[in-house]
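Alright, structures below, take your time with them.
The following pair of complexes shares a single chain, chain A, combined with chain B in the former and chain C in the latter.
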Partner chain A sequence: MNYAVETKNLCRVFKRKRSRKERKQEPTKENQKEVVALDDVNIQVKEGELFGLLGPNGAGKTTLIKILSTLLLPTKGEAWVAGHNVAEDTFNIRMKINSVSGGESSGYGLLTARENVWMFSQFYDVPSKVAKQRADDLFKTFGLYEKRNQKMRTLSTGERQKMGMVRGFITDPDIIFLDEPTLGLDVNASRVIRRFVADWVREHEKKTVLLTTHYMMEAEELCDRVAIIDKGKVLVCDTPENLKKTVRRSSTLRLEIDPLKDYSKFRDIPGIRNFSKKVNPETNRSELVFVIDDEAAVSDILSVVTGEGKRIHELRKTEPTLEDVFVSLVGRALE
Partner chain B sequence: MAMIKRHWKTLKTAAWLGWQMESNWTQPFLFAVYSILKPIAATMILVLMYWVVINPGYGGQAENAIMFSFLYVGNAFYIFVGQMLFGIFRVIQGDREWYQTIRNVYIAPISYYVYVVARALTQLVIASIAVVITLLFGVFVLGVQISLAVTDIPLFLTILVIGLVGVSAMGVILGGISFLTAKHMHGMNESVAGIFYLFCGVLFPISMFPVWGQFISRAIPLTYWFEALRRVLAPETLQIPTSLTQIDTGLLMLILLSSTIVLVLVSYFVFKGADYLARRKGVIDMITSY
Partner chain C sequence: MNIHLRLNLRAILGRAYPRVIGSLREPSWIFFEILLPVLAIAAYVFIYQALEAPPEFVGFVILGGAMTAFWLNVLWSMAAQLYWEKEIGNLQLYMMAPMSRMSLLGGMAVGGIFGSSIHASATVLIGVLLFKGPALVFPLMLIPIFLVTLIALYGMGMMFASLYLMWGREAWHMASLMEEPIYFVSGFYFPVKALGFWVALSASVIPITLGLDSMRQLLFPSVAAWGLFPVEIELGILVVLAIIFPIMARIALARMENLARRRGGLTLRWQ
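The block that comes next holds the complex of A and B.
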């Protein structure tokens, strides 16, 4: 089978300079000289697939995208894009790919939005006339048509991000890497991007998208398959439906409570597969998600909370989501 | 053939981008005024220093028209060196740190080397305007003795082009090294440009150096470029003993040409090597100015 993207035992280690103070200290996880960004990653993305990489910040998603888009070399292992090795055959890969990063507001402020994307299209040998027509169509799709002749420096951050999407798709790539494409965008803009990506893959049978996100809803809505990645390791890889099945026999309990002094007591309760907690800074309440295998654990959980004299503001039992899959695997929430 | 076509398109597009970036920051009229005033103002600093030095009231000697032509021509053509050494560094650092476009340009199916050379071409155009203005100002306002015979124009253009290719190659070498360095490493370019200003016979003959200094001067191809340019543009400066005077112009041209070919080859390999190392270290798109 021809894969659009394939990696075998892919590793990437970054060396960091330690300060004089750190060099004098015993090596710890925080002050180590080497940071493992990718650890033995094996994935296969089929042609025509919308493949998601779901993981928290710092999981290694962007590093993987950088390697696949020929911006970075792997430390060990191999990777192929469109059948070409990323370390050896960059030109043939670059002919077939493009990449868009979320939060990206890059571009030349002195050029107009249209000039910016036209210029990049020329690097991909798109005929000038075709590029201009394509740019206008994409500007319309992303609601930027009226502003296409404005200098980029006058566009808002969100508008620049949409311009980045136009730049990515104007070359009509066979494979596109979307690295957190909706990061920081408002709800409507995110929806437009998600709809466009879904339509683009559906309408073009052989086009492939590799999407990284830490929004589980985005991965669930868009992706044919999802790999969950954390600390450089791919933990699982399957369709969203199959991944959710892994926690379906369990149940998910969501609690919103006043913050506790000690959360470690939950670890001792039998029947809890894993749990995550985060504090909502607006309400100053703890939001807990438990993946539980035994319903009897519910009363023990409530006892821990009430035992500390804390109030339970909300208690819900929900259908499993990809986030619950992540919590059951890793023991913390995605965001 | 397809590859040449692709390089040509890259060259055109990147040169267009470079021109937009250099000329589009203000209105055309202001840009024209700036382009004229900047080189004249820079030249006047040197001219005033010269006038002070030769003023008998400050213990100086009487004005020497030939020496003035010597330093004026050298200084005018040094504009190319300064512009190219800083310009290419600025292109790479600007794309990386300020505009943050380097990752999008880098992963495009183009030769990044050709892209950088094309951006350098814009710097050449800007520098050429400044050099012409400086020379015209020198001849018509300051009375600098420049006498370019019509029959010498082909030789002058040959020397000019060879030298500019060499200067561009040096810029590309420093640009390649800057792939691996942080933004604040612009001091490296300043140092190299300063070394060239001092040792290449820009302002004074290299015969004024001790032997070790002359050795350094003779090892830098630009020294031969400045000497050759002066021989064509201001032949009377040959009266000044530079320690290169005894070299026949043909041999001078041969040294200039061969050292430029070597420089171009070195620039290609240094750039490619630095590119590979930067990709291995993961610093192609690093941001260092926080």
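The block that comes next holds the complex of A and C.
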């Protein structure tokens, strides 16, 4: 089997200076603090696959993509992209990959959108004519054709982000890394991008996408397989369907209540596999999600709430989603 | 064609493009890049005229004023470029691309030379029209001297680019501190020999010093006595500089990239 991406015991540790506060709290000679961004990551992405990395902020998604796109070295372990080792054979990897991240607004404001993406294509040995043709096709796809000859500095944030997608695909890479490509885009633009990515992988047998996201829906809808990653560790890796099966026997209870003083009581209730809570700042209500294995837990949950004399605003039992898989594994919601 | 050669030629042209376009699309440079040198030229011309110096000195000054364009371009644009690219988020896209990192800097240099040549020519033209320089000879030697000076000068700029990135803002302050003294010791507006042999020799590390000195000797043979060394020797030194600086640039760039990949800093913008 040819893997597009493979990692073996991949670790990445960052050293950063300790802040004054940290030094005060914990006075040691060490001036540096180690941050473990990736901890023993083993993944295998098959050629032609649309693979998702799902995880909360700081999980290590971007770090992994930076290692795979040859911008960072592993601290320990190894990684291969298109069969080449990321620490040794950067040229052959770089010829075959490209990467787009959602927050990016790269290029020069003085150049037009089309000139910008053309320029980037020239770093990948794409003949000028081919590049211009591809650029126009891609601009059409992303609904930016009318604005392609506008100076980049006159484009909106979202338009620049779409330009970033054109930049990424103009080199026709074998493997593309998309780091939260729909971050901050409106519903319509996100849909266009998702559809494009899905079609691109489907229409080209050997093209591979590795996508990071913290939108559950995106991972569920788009990806052939998903790895859930938290605090640098891959917790599970499977198809969305299989992942959902792991919580199929259980059910999900969503609850909207006035904030409680003490949530720890839920931990003692048998039959709760895991739960997450967050406070909605608009309504100032607590939104709780319980993954429960035993229906009997429902009445115990409700009595904890009413026991504190708090109101229940909403109560819903739903089919398991990928989000519930995440809650049951991590004990916290994603978004 | 060899794939590496083709890729890197494309990359150089691609990276030069925004600079070329930049100098054509932004007319505001006219003020800074032409008017200011012309003003400086005017000041020195009046001094020399008051001193009743030979008319060749007007030519000295115009040439120095024109070469300022290249020097400012190297000091400010070239040297600070990678730092800039990092700030706007382009650097990691450049580092991810398969082209040689030297093509990136090479493209910047080619674009910079293009833009600065326009400025320099405009300065010469205005200077000659306003102040009437002396009668000129145009020896062929001028061409290799000019080209080698540019290679050495931009090679130095390439080297600075990586160092800047590692030193960040401090390097910026250092450049502003150095700008004036280097102007002075490089003899933009007077023969460098006037500073005394040892100062002149030390200033020769900056390629523009000997480049200017040689060009003046060739253009104004009647005052060649003001030259620091014979032109052949100066060309020899310039060739050595034109080899050393790009090599050092390459080493600095490789170190910078390596450091960034290990530490996760430098080229990587925070997300």
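By definition in this document, the second predicted complex is superposed on the first by the 326 of 335 C-alpha atoms of A that agree within 3 Å, B and C clash if a C-alpha of one lies under 4 Å from a C-alpha of the other, contacts with A are read in each partner's own complex, and residues count from 1 in each chain.
We adopt the following convention: a residue touches a chain if its C-beta (ideal position, glycine included) is under 8 Å from a C-beta of that chain, and two chains touch if they have at least 3 such contacts.
Treat the numbers as computed from the prediction; the structure is a model and nothing was measured.
Student: Put the two structures on top of each other at chain A: do chain B and chain C fit, or clash?
Tutor: clash
Student: Between chain B (first) and chain C (second), which, if any, makes contact with A:T62: first, second, both or neither?
Tutor: The second partner, chain C, only.
Student: Quick one: classify A:G103 as touching chain B (first), chain C (second), both or neither.
Tutor: After superposing on A, A:G103 lies in contact with chain C but is clear of chain B.
Student: Scan A:Y124 for contacts with chain B and chain C and give back first, second, both or neither.
Tutor: It touches chain B and chain C both.
Student: Pick one for A:Y263: touches chain B only (first), chain C only (second), both, or neither.
Tutor: Once the two structures are laid over each other on A, A:Y263 reaches no partner at all.
Student: Which chain A residues come up in both lists, the one for chain B and the one for chain C?
Tutor: Residues 12, 14, 66, 69-73, 91, 94-95, 97-99, 101, 104-108, 110-111, 115, 119-120, 122-125, 167 of chain A touch both chain B and chain C.
Student: Note which residues of chain C are touching chain A in the complex, please.
Tutor: Against chain A, chain C makes touches at 3, 6-7, 10-11, 13-15, 17-18, 21-22, 25-26, 88-90, 92-99, 260-264, 267-268, 271.
Student: Under the stated contact criterion, what part of chain A meets chain C in this complex?
Tutor: Residues in contact with chain C: 12, 14-15, 62, 66, 69-73, 91, 94-95, 97-99, 101, 103-108, 110-111, 115, 118-126, 128, 167, 179.
Student: Could you list, by residue number, the parts of chain B that touch chain A in their complex?
Tutor: Touch residues, chain B against chain A: 6, 9-10, 12-13, 16-17, 20-21, 24-25, 99-101, 103-110, 279-280, 282, 284-285.
Student: Which residues of chain A touch chain B in the complex?
Tutor: 12, 14, 66, 69-73, 91, 94-95, 97-99, 101, 104-111, 115, 119-120, 122-125, 167
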